[in-house]
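The same chain A turns up in both complexes below, where it pairs with chain B and then with chain C.
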Partner chain A sequence: MWRRYLLAGTALWLAAATPASAFIAYVSNEKGNTVSVIDTDKWAVTNTIKVGQRPRGIEFTRDGKFVMVAVGDDDTIQVIDARTQQVVDTLPSGPDPELFTQDAQGKLLYVANENDNTVTIIDLEKRARLGDIQVGVEPEGMAISPDGKILINTSETTNMAHFIDTTTHQIVANVLVDARPRFAEFKRDGSELWVSSEIGGTVSIIDPAKHAVTGKVTFEIPGLRREAIQPVGIGMTKDGKTAFVALGPANRIAVVDAASHKVTKYLLVGQRVWHMAFTPDEKYLLVTNGVSNDVSVIDVPAQKVIKTIQVGELPWGITMVPQ
Partner chain B sequence: MSSLTARQNQSGFSLPEYLTCLNGIVWREALRFLHQRERFVSALVRPLVWLFIFAAGFRQVLGISIIPPYETYIPYEVYIAPGLMAMIQLFNGMQSSLSMVYDREMGNMRTLLVSPLPRWYLLFCKLLAGTAVSLLQVYAFLLIAWFWDIAPPPIGYLTVLPGLILSGLMLGALGMLISSGIKQLENFAGVMNFVIFPMFFASSALYPLWRVQEGSPMLYYVCLFNPFTHAVELIRFALYGQINWLSLAVVASCTAAFMIGAIYAYDPSRGLIRRGPAGGEA
Partner chain C sequence: MIRWLVGAIGFCVVATHALAADVTEIGIGYLGHTGVKPKLSLVEQPADNDGIAGARLAIEDNNTTGKFLNQHFTLEEVRLKEGDDVAKAALALAGHNGFIIADLPADALLQAADALRDRGTVLLNAGAIDDRLREQDCRANVIHVAPTRSMLADALAQYLVWKQWKRWLLVAGSHDNDKLFADALRRAAARFGAKIVQERTFEDTGGARRTDSGVTLIQRQMPVFTQAAPAYDVLVAADESEVFASYLPYRTWDPRPVAGSAGLVPTSWDASQDQWGAVQMQNRFLKLNSRRMTATDMQAWTAARLIGEAASRTNSGDPKKVFDFLKGPDFSVAAFKGTRLTLRDWNLQLRQPILLVDGRMVVSVSPQEGFLHQVSELDTLGVDRPETKCKLR
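Up next is the complex of A and B:
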């Protein structure tokens, strides 16, 4: 019981100190204009934070002190203090920010501005806009290579993954992928870049050194039309052995063997599953179900869905405190 | 025997005597079950056909909604598993009733009923024996279902046991009550038509009640008042380590009512049994 009381005040600190214990997840509710706070000890929503219009991309700062959420219709990124759970600041993004990523040190933030075809670079310490990089039409997915040298942006309409040099801020390569690339994720060792294509229904495996698609993960669910399978969010375990891919209106998470790129299992979750986040100990994976307004919890070692928690309206993104 | 009667007159029967009787009845039922391998196989095949074929077709049809005791979205196979477990017990209960009719036709029942132990106890032993057989069948089904990814929490396999015993007793007592009214084996088809099918289909075994209510409010009430629905729900909740109190109350009261009814019906001085030696009025 004492642990629960402690949690109320020092949730984040405790989460970082005792990985087996409770963690806090923040879920952006696109239509509800709120952020739901989930306690993974109780598996319940403990707070709902009112934020700006159309919150989507959401991520902890590297130090775990703040949560940044892109509020697209307000053309800005809001900063939530994880201790007080209140909006304390804003960051200057371009118009309609959707997803963003940060460098390993947590100093620079790269934001995809969906309506402006640009990626904005923000200095997180000074909270100042450093400049913009012109990319393809409707930029969305953002990822940074483990060595920090390459920034990836995917553009939904151009159907490309743009490789951007983080020192020169120039595009060094463009890799064509299947229709409507949504999300990009590097393997921890930097050997592969995975890009999900919502309309194409695939995940492209890209060799970051050769800038070439070397393989594809395909999905097939008996009884479901191909169009219903729309890969979006990707989560990869730290050991790089297993990947989880959210399949949107297929209402399923695909478990993929990251070495063979083959699906080993499909897990039934809520409607229109979108993004996901691991607990720092990787025991659980939380996924957002947009249409059914809930978050499903997957037991990662058992590869089983154990619970579904009601959150706000149209949950989109989710983040957990970094370890 | 004279000493037995004398003791009976003084203080009834001793516990070992009761146990001997129980042992005899259960052993006979077990032997009968073991010797009828086809019965065991068919008892397993029936729910498995439902699981593999029927459920496969309905996978995408069932609407998505989380209902207790489930805590997340479940595939249809997981939903119907408790219903199929109850179906095994329903068929088993009716099969016991069939065997009662058979025993009566063959004259074996007289051997049972001439026992000096009280009639209610004999019937209860018979009921327990039938329930024990149904438990074997259900656990065999659960084992196969586990390979089909129907894996309740491990503790559920234990917590479901009391639920299964109670629902097995209820359905067995119902079968017994019905058997008292059936005079010939051939009439058993009627039991299938008028008992098993309506009980199974008008219940929460195949569809959740909220779904039935959407389709037809009247059918919803039929399902709600169907004791089989409550047997299914009792098993469903118990399988996830929970108790559905309403279902528990309904199943317990129905068990008592059917049991009393069966004892009454098998009473030689009042019930149907006195009408004829074998085959009743036939």
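Up next is the complex of A and C:
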């Protein structure tokens, strides 16, 4: 009997001892068919969750209770309960889902289906498919404007950012960007949309009101051939001042002054860096390194890589609890 | 009379509709030849629509993009029979198409190119791998999407050297194309530091490719043919004519791997390629054509995509504008090979990584790491600018 009390007491003490700054990151491992759970206090993997085949796009629900992960080769999105860290449900995503985004209320999910040239709309509460929107060839990047009115989808072979009205579900504009656009991110104030072009090697800055490319972020790394610079994931600080761009096989994160659109620094990370997520306090940025099977931790104010965490096979996406 | 009238009204309606939407029509011709070259392996037997099937998919892809830009792409196919006049056929196609994708042997391609020379029609070579078309016989109105023999040979050589299989036993067929591939392999060996320890020729003495008595004879023939060779690491076969190379794996006198025209084969595309988003394209192709995608399909797809890409960037279907953009510094195209593809401005050859495949899997992709180049590592494959004999005219 006393033993049980002691155990419970120890558990309580352990829970209390965990500092308030600890966050949990979920990393999808594309080849491992797993999701690694990272504790940002210990900077270590605390759990590995088995999921479906080829997990890539991964995101917390807005309420922070669930983690959704697109398992492309199983043609579905799995739902992980963040409390039990177990797969509890699936969503009817359409074939080969890769990336997705939610509306501000967390009620609707928009999924890019690469095989079908469509974006699928899912009602998250009812777990039901509401409809499809026809877009360009190989839809991939997804973003929603801060005011929730416009959904962005990028299509990799059509090379466009499609502007979709979220009420009518009609395409209202198409903006041509450089080859193989993979990721889209709005500035928090909605003044700019950034779209990375993996093969084009640039990030296009789009004026969302004018539907026009107004600038481009270009990258140049001494000693590295141009073809190796393949921008993918983008992260932007809440104040809209600094952006981080993952450069794929260039093995670097570019730090970009979001006002001048100029690169101020390149941070060497692991091999083939894909995507990234900030801790909610924006002290740290975690980036996934596909080929070296690890996650690099960047100290955001210092702009320095401070740690590397081994995860599963071919890490791809990453998400952290929203705040 | 009434029927004629109705037809005419119908035509008017269609015409007005097209005018109202202001759709730019972009016609692409496809000039191929009938009859497929037989392969030793039944599995590799090309389909009747080999090549054009890829162009058809690209037209669909172009039109998905085109509907956002009011551009509409069409494909018109002409197949030449033995003895047909190439120049005449090319001119007829050029009558309503500003671009022609060609899957023709070298001499026929040159005839088509020269016939179209003053018309402003852009010819895209999706079939012929002959180096001479990009060198002494190069033409200013031809873009080469197919890789060259020397690019294929260099891609293979880089991998074999990286693997430390540097001692080659070279076996070449007795036909002209086999000899050309053997030349390219010799050049590649010299460039990348491999040594050809001995050369042998496999004479084509004729005969049927498939017989009821099957492999019994081959099993006796191949070990004998490869015996008493000096010490070697890999047998490299040059057999574009499909006479013997596919019989070599597992039948060599010494237990050695085979590469070149069988075993580990350099190619622009393979049905097993699934890296860099290629699965989506393989799926689209399978859905449209109910078969897997070959290298010729991919070359034709890329050719039609080149036109689509340039048409969307220039917002034009004008062959001259599109061609100028393709030749300019801003052009690049994505083709599921992990890197942008661009044109070599001195001979209009498309730079591209080359896959090394074993028939079931992609084993590697060249250029290999460590083979460096001051401009583009893709230029470590094939004849480079300082060596070129091409003067574009």
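The rule is simple: the second predicted complex is superposed on the first by the 303 of 323 C-alpha atoms of A that agree within 3 Å, B and C clash if a C-alpha of one lies under 4 Å from a C-alpha of the other, contacts with A are read in each partner's own complex, and residues count from 1 in each chain.
We take it that a contact is a pair of C-beta atoms (placed from the backbone, for glycine too) under 8 Å apart; a residue touches a chain by one contact, two chains touch by 3 or more.
These numbers come from a predicted model, not from an experiment.
Student: So if we stack both complexes on chain A, do chain B and chain C clash, or do they fit?
Tutor: fit
Student: Given the superposition on chain A, what is the angle at the CA centre of chain A with arms to the CA centres of chain B and chain C, as a multiple of 10 degrees?
Tutor: 90
Student: Just to be sure I read the superposition right, which of the two partners does A:201 touch: chain B = first, chain C = second, or both, or neither?
Tutor: So A:201 only meets chain C here.
Student: When the two structures are laid over each other on chain A, which of chain B and chain C touches more residues of chain A?
Tutor: C
Student: Is A:174 contacted by the first partner chain B, the second partner chain C, both or neither?
Tutor: It touches chain C, and chain B stays clear.
Student: So, does A:90 touch the first partner chain B, the second partner chain C, both, or neither?
Tutor: Touch status of A:90: no partner.
Student: Would you check which partner chain A:117 touches, where first means chain B only, second means chain C only, and both and neither mean what they say?
Tutor: In the superposed model, A:117 contacts chain C only, not chain B.
Student: Nearest approach of chain B to chain C by C-alpha atoms in the superposition, in Å, rounded to an integer.
Tutor: Result, nearest C-alpha distance in the overlay: 9 Å.
Student: Would you tell me the residues on chain A in contact with chain B in one complex that are also in contact with chain C in the other?
Tutor: none
Student: In their complex, what parts of chain C are in touch with chain A?
Tutor: 61, 64-65, 68-69, 277, 279-281, 283-284, 305, 309, 312-313, 332-334, 339-340, 376-378
Student: Over in the complex, which chain A residues touch chain C? Could you list them?
Tutor: It comes out as residues 96, 114-115, 117, 136-138, 155-160, 162, 171, 174, 176, 179-180, 198-201, 225-227.
Student: Quick one: in the complex, what on chain B touches chain A?
Tutor: Going by the criterion above, the answer is residues 59-60, 64, 66, 71-75, 151.
Student: Applying the document's contact rule, which stretches of chain A touch chain B when the two form their complex?
Tutor: Chain A residues touching chain B: 223-224, 251, 268-271, 292, 296-297, 304-308.
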